[in-house]
Each structure stands twice: as structure tokens, then as C-alpha cells.
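You will see two complexes here that share subunit A, one where it goes with subunit B and one where it goes with subunit C.
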Partner chain A sequence: MKHTSAQSILPVLLQGKGKALNGFDFSPKLWHGVILLAVCLLTSTISFAQSAPAKISVIDALFRWMPLLLQGFVFNLVISVFAMAIGTASGAALGLGQISPNVAIRKVCWFVTQFFRNSPWLVLLFFAMFLLPFEFSVFGLKIPLPDWLKATVGLSLPVMANVSEIVRGAVNSLPSGQWEAAESLAFSRRQTLWEIILPQCVKRMLPPWMNLYAILTMATVLASIVGVSEVMTLTGQALAAEGGRTDLLAPFYSFVLLIFFIYCYPIARWTVYLEQKFAVKG
Partner chain B sequence: MSWTEDQPMVSIKDVHKSFGDLEVLKGVSLDVKKGEVICIIGPSGSGKSTLIRCVNALNDIQQGSIRVEGQEVNDPDLNKLELRKKVGMVFQQYNLFPHKTAVQNVMMAPLRVLKQDKSAVEKKARALIKKVRLEGKEDAFPGELSGGQQQRVAIARSLAMNPDVMLFDEVTAALDPETVGEVLQTIKDLAEDGMTCILVTHEMGFAREVADHIYFTDRGVIVEHGPPASFFDEAKDPRTKEFLSQIL
Partner chain C sequence: METFFEWFRVLYDDTGINLPFLYDSYDRGRMFDGFLMTIKLSLVCLFFSVIIGIIGAWLQGSSLKWTRRIINGYIQIFRNTPPLVQLYFFYFAIGSLLPKVQNDWGGQEPLLGSFAWAAISLSFFAGAFNVEIFRSGLEAVPESTVEAAEALGFNRLQVYTDITLPLAFRVCLPALNNNLVNLVKTTTLAYAIAVPEMLYEANQIWSDNVNVTEMMLFLLVAYFLLVGVLVWVMNSWERSMKIPGYGS
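What follows is the complex of A and B.
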């Protein structure tokens, strides 16, 4: 009985993947996903074949925990979106500081950027976890700062530094003639930057920014190390709840890999598409 | 302080300019009267472009004086924006804003810098595009235009600010030969309308035709100058003669 349900799922999943393949060209990354899916299913079936009849099948175990794991994954996405938002806003400010005409501002922003860009993400995460208070008070009102929010701030630090470099790089990549033309039309520096330079930079910044987002999303699992209930933490808990069955390890973690791949791969494809599109126009 | 129209519109006196240890301008003086067209010619690296970039303060100078309508440019308290409203500039590489259409390029500065009314600005921009003979190209992006067309949009963009003086920095040097003529014609139209123009150019035939006065620079100094007829036919300095024999 269990066997048939597993077999009936297999072709369905593979068929769906096959359809998706037709729409894309075969890039190494897509193969990566196909292999992941195969590993996930293969480990499930092999593990199932090896498991004692008294235990529930690997597939059933995976399906039972899937809602919780997906919930955990959504939490990863929430962290990634918040960290990206904080990192983008602060990074944009820092990047503009790096091109400020004021030498002091420029140097400070450059230093902050380099400091956070060249630090391991995990160290920055720990740094945020232990340096930020668990609550802070504003006008006597105590606002709690839960772990996941601290982790979000921790992850936003390297994002900030990378966005800062993206902004600086994009502004510097424009020909100096754009600045000179604007200056000779009596635009002030501020107007030149906001009305002529930055609008042209958005296109150039978008692909690396999306790339950074994909990297950040994959890095959100680091939050499991500091005890945030995201998908990796929950996977560990689910495995423990199943009695630490070793045959479940590979399928469960393959499943986590797979959902990250399904989310991040289209972003990567879209980034490549945008890069090509903008490259033609210059 | 008070400037009147019978005085030179642009007055350059003993200007020195260095980039680091390299002295590019070694005491250059020249005057441009209202409505006059002057051409600056000379071998590359002689400081021609640097000189006209100093007139609208894109480059600063170390020594000497540049006055535009009586206003001293070599002054740390100079209001550069006020100066640049009076001095238009067109570049060798056009430098149009690629994310804006032709008419938007022309409209941008009057709208944003002079804060003029939008409908009036648009009407004027379309008239200017017509004046540079680009009717029908109003909504084209710079990337869709030829070099000569882009350069004419750049001229229209500069004119939209109603400048008193126009600076042209080798504006035909990057163009295909077949589009040089249309840009020169546009400048000629301007000159005939009485616009004060300072041109850096390698187009000798054009210089002879439109210029009121020709200046020949070499190694940071003005070697020789005069009205076109006498300059081209009766050059006295050996350096001028050598340059002219190479180029003509």
C-alpha cells in the first residue's frame, strides 16, 4: 500500500519537473536541482526499503512534517525580506556616503563598508545576537526584541555593506561625461546625483542586488545556530521527534535543499535575464 | 563690476593651469565680444579643451583671470550654478542622458534648474528640436539616434538654458564623416543668429568660414591669432605654418 502511494507520487513530481525543463535551457544550475530532487526521492525510497515494517515510511514521515518545515521556510523568507529591506536602506545611505564630496564622511563610510563586507556572516550574526538587548525601552515603554529580529539585524549588516559597494560601484561605472554634462547645465551636485546619475544606476544595481538577495536567503539558515525556529531548526526538531532515525536524515535535508533551490533558482535565472537585457542597451 | 555689452563677454587674462606637475596652460589671454565666434585650433595636448572647460568652471585655474560678463570665474566664492546658466557647453561625446528621450533631455535643465513652467518648457524644447532639424525625433532615446543627431540634441539641450555664450569642445571629432556637416550647419545657424561661440575644432574649412577670429595654441600658449583670412593665408610663426601644412 505504502509502496504504491510512493510510486504514484514519483511520476507526478518528475512529470512536473519535465514540463519546467522545456521552458528553460539546460544550465548546470538546473541540473543541480534535478539531481537534488532525485537524491531526495532516491534517499526516501532506499531508506524506506531499509526501514523496519513497524516504522512509518520515509515518504509518510516527510509528508507529515512538510507543513511544519514549510512554515519554517516561510519564516526564513520573512527574515530574508526584512534583512534585505534593512540592509538595502542602510546600505544605500552608506554607499552614497562613500561618494560624498566630504572627505570625512567618505572615509568613515568606506571603513564601515569594508569592515562589514570582510567579516564572516556568522560572526556578525553572533555579534548582533549578543550585543543587542533582548528588549529596549522607548519613553518608558518596553519593546521586546525577539531572537529572530536580532538575527535579522545581524544578517542585514553584511547585506548593508554589500549594497553599499553595489551603489558605489554603479555610480562610479557611469561615464564622467554624465556628471560634466549635468554640471554644465547648472545642475547642483545633489540634483545631478538624484535626477541624472542614480536613475541610470538602478538598472545596473538590480542584478547584483538580486544576486545578493539569493545569497542572503540561503544564509538565513545560519539563524538556526542562534536558536531561531527557522527551517533548519525545525528539521532538527522533526528528526528528533521521529526518534533520531538515521534513514530520515538524508531525505529531510534533501527536502530543505530542494525548497531553497526552488525559491532561489528562478531569482538566479531572472538575474541572468536582466543582466543580458541591460547589457545590450548599455 | 558692472559689465556693459561693449566690453568683452568673455575675457581671459594670463591663465595658468596645471594638472599636478604638468602645466597645461602657461599664460593664455583672449577676449570674446558679444556675438563673436572664435575658433581655437592647435595640436592635441596643446590645452585647447582645458581652456574652454575653465570658462564654465569645470576645471579650476591656478593663476590669472577669466571674466564672463564681468563675473570673475577664478574666485573661491564663485556661484558656479549662476555662471553655468549663462554659459552653455557641448561635448565631444555628446553626453546626452541615455534614460531620457530627446525632448526630455532638452526639457530637463529648464524644468529642474530654472523651475520654469512645464508647458512653456515643452513648447520651447520642441521648437529647439525643430531648429536643430530633428523634427520627428522628439521621443527617440539617445541610443536610437546617430552621432550627429545626438550631438544636435545636445546643442538644443544647451540652448534651452538660454545661454549668452556657447562652448563647443571638439563637437565633431567623434562623428562619422557624413554627419559632421549637419552638426556644423547647426552651429553655423547659431552663429548667424548672433550667438557668442567659442569653438575648439579641427575643422579648418569650417573655422575659416564662420569664425571672426582664430587662435592657434601650442604647448599651453597662444602662438598666433588673427581673422581667418590673414591667419590661414599669412601665418607668420613657423609652428603655425607647420601645423597648417599638416592639416590642410
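What follows is the complex of A and C.
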């Protein structure tokens, strides 16, 4: 009711409705990736024309290093999956803490969320890399903590904060009638949350969660700055091994761009699809 | 003031909490320069990314098929590739293809330095998101408003700058706010190409003084405050731009 009355007062704006200008609908197409591929190939050929005949061609060099770079990329994916798992588990707990009836828990969870959400990923990564021990002992048993695991923990901190906000937002987006109806049917708070509220929230949380995963995957390259040997580090090493040829720089870096695009693009498309599918009609 | 700074030296001697960027004038200068560099980089990128967003959103509504295609291609590429790789691509790949220029001392130096490349690459990165944000705002403007403006003899550019953009701006400010906060946080990536911003200077200081814990905590607090200031400014702007009777 409130929405319609606002519309009648001010007919200049509609929220989230109305057609796009010129009836143009934005939908990503696969050929966007083709552009990247074209850049990759184009820079390869330009560079090839520049390079001296004695050296191996740029495309040969790229093919020679491709298995190593792809291995590095798989390592990136492993880091992203682990960080997402840790971040989701801890973030869900933190998000539920943010809607707790206990004021103290709510305040603390809110502060933790805001703190990690508003700090740069790279700073948090440095934080985890330098402040976590390289091994710790439990009952005399020494458990080593390799640097990639530390990077994973560092990346999961901002993920945790973002998941916490997603959970809080999704729970708050449900109409309060759901809570009241559950209460009138004598559900306890825990039952309401687990059996009524959260199942409805999963649908709403999925698109932003997938978006976050794509962002996290792209953030895993940050680990190269702190010395984890993932795809970016390996690219640098491969370029060094080729003798620092400047003509190789553009093709190699655009290759890295390309593999990330190929991985993240379907996720982005799927997110858009899910968003449209789960869109609240109104 | 000097006694205040000296107190931190006493603090270090007494408790071992080492904050050289307060008591050591050289480190203080470095840290302050880094802080200014972060602010400078943030402001340059904020400005250009919003400009890119506004122009991109206008071109996206163009009647020319290829203009729209190019803009969409740009958005998809910059949204789906890591900003760090973009930064490396610009700095190392494109930077190495550009001609070198002679500097004042007769040496060769690249046409664009690390700061310029960081500003360009981060502006394009955030700009891609801004185009999408402005587009979503433009979609909220009903067709009838545009038609009314056309009936009054506005041309397409005038409709955009005078009618749809001001309205869209108010709708998309929360999303824009979010993206600009992200941009400020992303400026730390410039560390990777040796732009002397806050993280870089902090790294220099902790390499000299071996006080990683203190510097890391300081950095977190510094960025927290920096982002806090930005959010406060954007929120008060949002309030002042609010259309009466619309929204909660």
C-alpha cells in the first residue's frame, strides 16, 4: 500500500520496474569472451612480427608454458573453494549472530562483520600471512601450516563478513508476517528460523553468494603478492625463464585474463539467470 | 606535539609496542606520504570511474548496435577478470608496448609511470561496475517521463543529462556507494606495481623495524577509518539528494 501511495504522489520514479531505454535489454553474450581471445591472439601475432627469428615464436612459448599455467590456475580454484567453504560456514554463523535477540551478540557480530567488510582484501591477506604461525603444535604434535593455507584463511575473512551481510539481508528481506504467522502456530524461535525463515532465504541468498564466489576467485591472484605459487606467480616465473622477453608479456598476461574470464563468465551468467528466476514479483 | 610523539618512543621502550611511524620523523613522513598517495589515487579513480560509468551508461542506451556491443564487451571483460591481472596487463604488457621518453637527466623512462597505470586500470575496473549501476538506475525511470521530455523538444543527450540521469542517480546512489567503497579498498592493489601508497609504505616500515603486527593493525584501522569517512560523506550526500516523499 505504501509503495502505491508513494507512486501516486511522485510518478517520476519506479523502483526496479519500467523498461530499459530504447527497449534495449542487457544480456551478456558469449562473444564477449571472443574479444579477449582476439586480444590474446592479436598481441601474439604483433609480438611475433617484432621478435627476432632466432627465438621461438610467441605461440610456441605460450603452448609450452600452458600446462604449468593451467596447473597454477587449478591451484587458484582449490584456494577459492576452500576459502569459500570456510567463509560461508563462519559467515553464516556470524550472520545469524547479527539477528540474534541478544543485544550483546548482535553488537559484537555487527562490529566484526563491518570491520572485515570494510578492510581491503590485500591487507587482510597480509594480516593472515604474517600473523599466523607457520606451524602450531597440538599435544606435542606439530601441524605445519603451509603458506597457501594461510592465504586461504586470509581470503576467507572478507568472505565471512560478506556472507554474514548476505544472510542478514536475506532474513530481513522476508516479510515480518512470516515470523508472526510462525509465532501464532507456536513455533519456537529456533524452529521458526530453521524450518520457516532459512529455507526461504536460501533462494534469495544464492545469487549474491555466487557473485561473491566469482569475486573471491578473482581475488585469489592476490596470493601471488604474498608468495603463494599460483597462476600469477607462475606466469612471472615463466616469463623470467623465457629470458624476460618483452614481446611475451602481453600474450601471457592476456592468457591469464582469458582463463579467468572463461571460468567466471558462466558463473556470472548463471547468477543473472537465477536472479531473474527468483525475482520477487511485485 | 613533539612530546606527544616522544611518548610513543617511551611506549616502545616500556611495553615493546613499536609504532615508528609516530616517533620517528622519517617514518612519519613516509607513512604520511603513503596516506596522501592512497587518498590521491582513490580520488582520481573515484572521479574517472564515475565519469566512465555515466558515459558508458549513455552509450549503452545508444541506438547503434555496435556501440552497445563494445560497451557490453568492456563491462563483461572487466567484471569477469581479476583486477590484479588487469593491473599487470596494463602495466607490464601495454606499458612495455608504449614508446619510451627521455627524462630530464637524459635517461629513458616509460611514457606512463606506475601511478598513471594504477589510476587507469582501477578506473576502468570500477567504471565497468559503475556502468551497470547507472544502467539499473536508468531502468527505474519510467518510459513516460522520457516521452514527456521528448514531447517538450529535448534531444537524446538533453533527456539523459537533464531528465533521466538526475533521477537515476538518486536511485543508484546506494549501489554506487558500495562500489566506491570497494574501489578505495582495491587501491591497495597498486602496491603490486610499486605505487608508494599506504600498504607499500607500511611494508617498507615493517621491513626496517620488524613490527609486522603493529603495522598490520594500524593499516586495518587506517583503512577502516578511511572507508568510514567515505561512507559518511556518501550517506550525507544521499540524504541531501533524497526526493521528498520517495523511499523510506
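By our rule, the second predicted complex is superposed on the first by the 247 of 282 C-alpha atoms of A that agree within 3 Å, B and C clash if a C-alpha of one lies under 4 Å from a C-alpha of the other, contacts with A are read in each partner's own complex, and residues count from 1 in each chain.
As a working rule, contacts are C-beta pairs under 8 Å (C-beta built on N, C-alpha and C of every residue); 3 or more make two chains touch, one makes a residue touch a chain.
As the structure is a prediction and not an experimental result, all values here were calculated from the model.
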Chain touching more of subunit A, residue-wise (subunit B, subunit C): C
A:126 touches, of subunit B and subunit C: first, second, both or neither? second
First, second, both or neither for A:74, with subunit B first and subunit C second: neither
First, second, both or neither for A:200, with subunit B first and subunit C second: first
First (subunit B), second (subunit C), both or neither touched by A:241: neither
Touching partner for A:89 - first (subunit B), second (subunit C), both, neither: neither
Touched partner set for A:178, first subunit B, second subunit C, both or neither: first
Partner chain in contact with A:250 - subunit B first, subunit C second, else both or neither: second
Doubly contacted residues of subunit A, that is, touched by subunit B and again by subunit C: none
Contacting residues of subunit B [partner subunit A, same complex]: 56, 58, 80-82, 84-85, 87-89, 91, 93, 95-99, 108-109, 112-113, 143, 154, 157-158, 161
Touching residues on subunit A, where the partner in the complex is subunit B: 175, 177-178, 180-188, 191, 195-196, 199-200, 281-282
Subunit C contact footprint on subunit A (complex, rising order): 6, 9-22, 24, 26, 28-29, 31-33, 35-36, 43, 115, 118-124, 126-127, 130-131, 214, 217-222, 224-225, 232, 246, 249-250, 252-254, 256-257, 260-261, 264-265, 268
In the complex with subunit A, residue positions of subunit C that touch it: 60-63, 68, 72-73, 76-77, 79-86, 88-89, 92-94, 96-97, 132, 135-136, 138-146, 164, 167, 170-171, 181, 185-189, 191-192, 199, 203, 212-213, 216, 219-220, 223-224, 227-228, 231, 243, 245-247
